[in-house]
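The two complexes that follow have subunit A in common; it is paired with subunit B in the first and with subunit C in the second.
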Partner chain A sequence: MAEQSNILRRLWRRWDTRLCLAVIVAYCCAALYGEAMYHSARLADRTAAYNQVREGCRYVPPAFARAGGWRARPEGCPLYLFGSDNLGRDVGLRLVQGARIAFHVGIMTSLIAIPLGVLLGCLGGYFGGRTDSLVVWLCATVASMPGLLFILAIAMVVGQGLLGVYLGIGLTTWVGVCRNVRAEVLKHRGRAYVQAARVLGYGHGRILFRHILPNVGHIVLIAFSVRFPASVATEVFISFLGIGVQGEPSWGVMINNARLRLWQGVWWEMTFVTAAIFALVLAFNHLADVLRDLLDPALRTEAE
Partner chain B sequence: MLPTTFGVVALTFLLFHVVGGSPAEVVLGKNATAEALAAFDARYGYDRPLLAGRWSAVRALGETPAARLEEGGAPGLRRVPLAYALPPGVYRVNAGLAVAVLRAVADGAEREVRAEGRAPVSVEVPEGWRAARLEVGGALPDVLRLGRRNAGLWDTQFFHYCRALACGDLGVSSELHQPVARVLAEGVGPSLALTVPILLGGTLVGVMLGLVCAAWRGCVADRLILAGSTVLMSVNYVIWVLAGQYLLAFRLRLFPIWGFESAAFLTLPVLIGIVSGLGRDVRFYRAAILDEIYRPYVRTARAKGLSGARVMVRHVLRNSLIQVVTYVSLSVPFLFTGSLMLESFFGIPGLGSVSLNAVHSSDMAVVRAVVVLGALLYQSVNLLTDLCYAWLDPRVRLG
Partner chain C sequence: MSVSQKPLLEIRGLQTWYPIKKGLLARTVGHVRAVDGVSLDLHRGETLGLVGESGCGKSTLARTVLRLERPRSGHVRLNGQDVLALRGSALRNFRRTVQVVFQDPQASLNPRHTVLEILTEGMLVHGLTTRERRREAASRLLADVGLPDDCLDRYPHAFSGGQRQRICIARALSLGPQVLICDEAVSALDLSVRAQVLNLLQDLKARHGLSYLFITHDIGVVQHLADRIAVMYLGKVVESGPAEDVLASPAHPYTRLLLRAVPVIGTPLAEEAAATEATPEDTPQGCPFAPRCPLADPACRAAAPGLAPLPADPARLCACFKAPSAPSSP
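Let's look at the complex of A and B:
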């Protein structure tokens, strides 16, 4: 625990990573606000504010870019800080919902991929022999599947919606985590502290999960910081293609919606969604880089 | 290689045959009749058991509690509610007595067959006949089940799937009504026309930028390129395609927007493909070259008086080529499966747009074929790369 707070302090000391952390925290707040909005609308059984259709308020430009100043908007329309879309829905509120879905996807896929990868990697690296062969075989099999198409196939088979996205991304991306963890556990297996634990008569489970696992914990942290933005980007892609999230304003759905209006000069929805995705993914990518350099210089050359 | 090939076959089977539920229901929709579903199943072999077994379920009868059956024609008999007339085959019903009324397909003549004994009893429907009605009696179970006998214990979906793959038979597309092999063969050419230039251009530009970064590591150029690559990596792929199409093709009219007629139509997609992959590539090549740059032989070469450029290109680059080749070889299989987004957005009739359409129309056969072929190709390329190592580098021994 002391090590973790130390890392956080080191990240906070640099201006660039401090900015990244601030951006991520801001998105977290937006996502939580979106979650609250979603659930309050669901519990009260009314249309949520972000799905509110207003016929008279279609294509209202964002407040700061209106021709007649921010007050110049059709009768009875809300402020629309980020403009409104083709049905008069508030783009800003929909962006917040998109952040909520992005966090869902990033966290859920990590919750599938990382435990799976860590468990298999630990077992394979620690026990070796047949177990290891099985783990390596599983990794090689899943790794040889053509990435995006395999995710799409899983999403198609499981059915459209968030569950398909979670499973599709989660079940294909554990391989990288598993390989890294396995290689690290393999290094630790022969170390003196493990042998000492074995001489003391500790069981395999205790050695593996109480002694070795804390020493490879940094891989889990790196894996999360790498997987999160990748999952968000993949979700945008899948939802954009109409196979992922349905009926909810995911960023991918919003891009697909905005794409058709872009040709008519409705630039704001596209611009804001792009910026929202870009800022979140960039913050995570940069943080992942710095974390990797801080925690594990040996992993730096990995393509993942 | 063989175990992973089996793994790929097993995994795709698990995904498309077991998890996916009934392909007939996916293709024909929820409102299809049981008869249409059964005909689809029989046509594509989905009516057999999954892994092994003598008997398979019949769609004509769901799980029916025997107590709810109507009284039949004769006393003591109860009528089984069949959704359609049973086609020829041997059927088993878990009752003590079964009476089937057969009707000839040709002239409509009717006859009756009886089977009596210990449950379950079997009734045979010969060729040219159909079982129009089925009545059961005797010792009735709680839940009535109807099964159809297979040709053999191994007459199963998995066995047929493996055999079809081994024979190169990829099935028939349920959407295009064409053999999948032909659909794929038509798509490979356009895909390669798109992806090969992307791979070549991307590698060339990536390695050059990587060399620049490594040669001036820590300087402004290196930092700029590195920061730029992080930025490039963070732009969503979807945005690259949409922005490229909108700004460069639509607004500035530099390139044609959509189509596949001449090289000019490919320029923009190739450009987008190169730029979108550049961030990741440059970082990898930079790291690969930096791995070599601190080796003693580099210092020796410099000490010998060779120029910096010569050492970088002739010594360092050459030795880091192994990592570069490995990295590039990993993307070779995806040359064939093409690019989902680029192809469908620029109207290139390659495998990427074919498979995306197949996903949209739930055309299992095509999606399955592209996934399996992509995976097998990946493994073959891996094997070839390993063989190449042993040939390039005598220290590597195949063991």
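Let's look at the complex of A and C:
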């Protein structure tokens, strides 16, 4: 149906969701730029700009907040629009790199969690009986473990780095997706159109994936828009604890770094990182909220 | 209709019970006896009206015959073949032979498929048409149910209730069935549309040589359509026989109650015999209808009457100790 483009149009009509979309697109651009920066540095086999250490340029405040105006900076130092950190690295460039890592984590964990949750939810909701009991048991078991502990365990097994983060977050967060999808499939299984499909002799796969799944697609979309910012926030937390990314400026690594000199008045790194996280998570969460209102038939009013 | 002819669809002693589970371990503490030992015959070219109030098990019976529910015991035979044991290609053949039209046409159609997809998916699955020729096949089906050709690329929400039900009927006909089960097929439609759809069903029956199992709570609908009537109460058939005879001189007090409940303009509504409605969960000793029956006496509460031919007319069956030996008027 033309519903997908219709949803986009309706999101664009509201100023708040338009702002959210704009913020997300801006972050996407930053992430892509970061990706280009990362790979060009690797190909040229030189230190990337965001990792450039300058001994003489430590703790330079951001350009717009310097006592002597934006020109006032130590000899031989770049502009530092967002200031520099304890090794003289550019906070602005590192923020962009952080966006790259945040998108990696958000997308990769969604790619693990959502297919897993959708598949298990579909199977449990459609077939019922023992299959359903198994799915419900799996959900309950995973949900009963403290999430962070599970993530730490997986990260320990896989080793430090992004792969552990992907797997750790992905394998713990499918439960919510699975429960939502299962409940929705269960609802649709009893509908007359599914009964009619069974009487017409369609196979289970055809009924499940051609008839039911398109009707629960909105759950998947909502799940993605909720999962993405949650994963970003979790990654920040894990990296802050020192389990996640090494050698690259993820937002969590930056916060961990910034906290050391915060009490000496080096406020900018902490402020900008938290603001960056705040804006992205807020934009996604608000979009998810509106999407749910638009897409969830249970909340949809009859007046449409 | 000759009775000696072998029935097309034969239902024998069918029981479908649902377990009632209670407690932490979901122990089965009892059963809802939705269908409790029903035997029915549907002959070729016949319309069998199955009547009863909501909750009496009519729809469960249909769902069991369609293999959407597993029965506890009993047999269903189609052309002498055991339906409940079918697998694989034999089951696919059965699907082609028996089709259904449900009550709610809105819920029966997948909102995300076009009419073309809805009508031809079954034919494609069963290899009755090809992708290239499916448009023709679909427009033939639409013409059959009296809808114009330009509906093919529209979605179900673009149609009215009556039109949607026509689409459902066309879909059911797409596989060329012999038996069409109409489960309250016209109950959700308003009166003028209902008459149109009933006429359409009559038409299609003659044109395609169909047999109908017509399930409804409204005995008025059956009057126009049915050759034979079976009346169900709490999972059991309490009366069956040729439609005219049953309607003219109902033998079971429940049938009389149903007939009195049909509203007639200009006459006051009949009072319900007794307010207590039994549910299929509690199975009283004796006749299930006894708590509501005006004729009940201690004998009725002590033992349940079986379905037996009326002395006056052996073609009619009735499960009542008080069944009149001579035909009476309602």
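We take it that the second predicted complex is superposed on the first by the 295 of 304 C-alpha atoms of A that agree within 3 Å, B and C clash if a C-alpha of one lies under 4 Å from a C-alpha of the other, contacts with A are read in each partner's own complex, and residues count from 1 in each chain.
The criterion applied here is as follows: a contact is a pair of C-beta atoms (placed from the backbone, for glycine too) under 8 Å apart; a residue touches a chain by one contact, two chains touch by 3 or more.
Here the structure is a predicted model, which means the values were calculated and not measured.
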{"item": "Subunit B versus subunit C as contact partner of A:206, first or second or both or neither", "value": "second"}
{"item": "Contacts of A:263 with subunit B and subunit C, given as first, second, both or neither", "value": "first"}
{"item": "Partner chain(s) touched by A:285 [first = subunit B, second = subunit C, both, neither]", "value": "first"}
{"item": "Per-residue touch tally on subunit A - higher for subunit B or for subunit C", "value": "B"}
{"item": "Touching partner for A:215 - first (subunit B), second (subunit C), both, neither", "value": "second"}
{"item": "First, second, both or neither for A:198, with subunit B first and subunit C second", "value": "second"}
{"item": "Of subunit C, residues touching subunit A in the complex", "value": "63, 66, 68, 91-92, 95-96, 98-100, 102-104, 107-113, 121-122, 125-126, 155, 168, 171, 175"}
{"item": "Residues of subunit B touching subunit A in the complex", "value": "3-4, 7-8, 11, 15-16, 19-21, 230-231, 233-239, 242-243, 246, 250, 280, 284, 287-288, 291, 327, 333-334, 337, 340-341, 355-356, 359-360, 362, 367-368, 370-371, 374-376, 378-379, 382"}
{"item": "List of subunit A residues in touch with subunit C within their complex", "value": "1, 191-193, 195-203, 206, 211, 214-215"}
{"item": "Interfacial residue positions of subunit A with respect to subunit B in the complex", "value": "137-138, 140-150, 152-154, 156-158, 229, 233, 236-237, 240-243, 252, 255, 259, 262-263, 270, 274, 277-278, 281-282, 285-286, 289, 300-301, 303"}
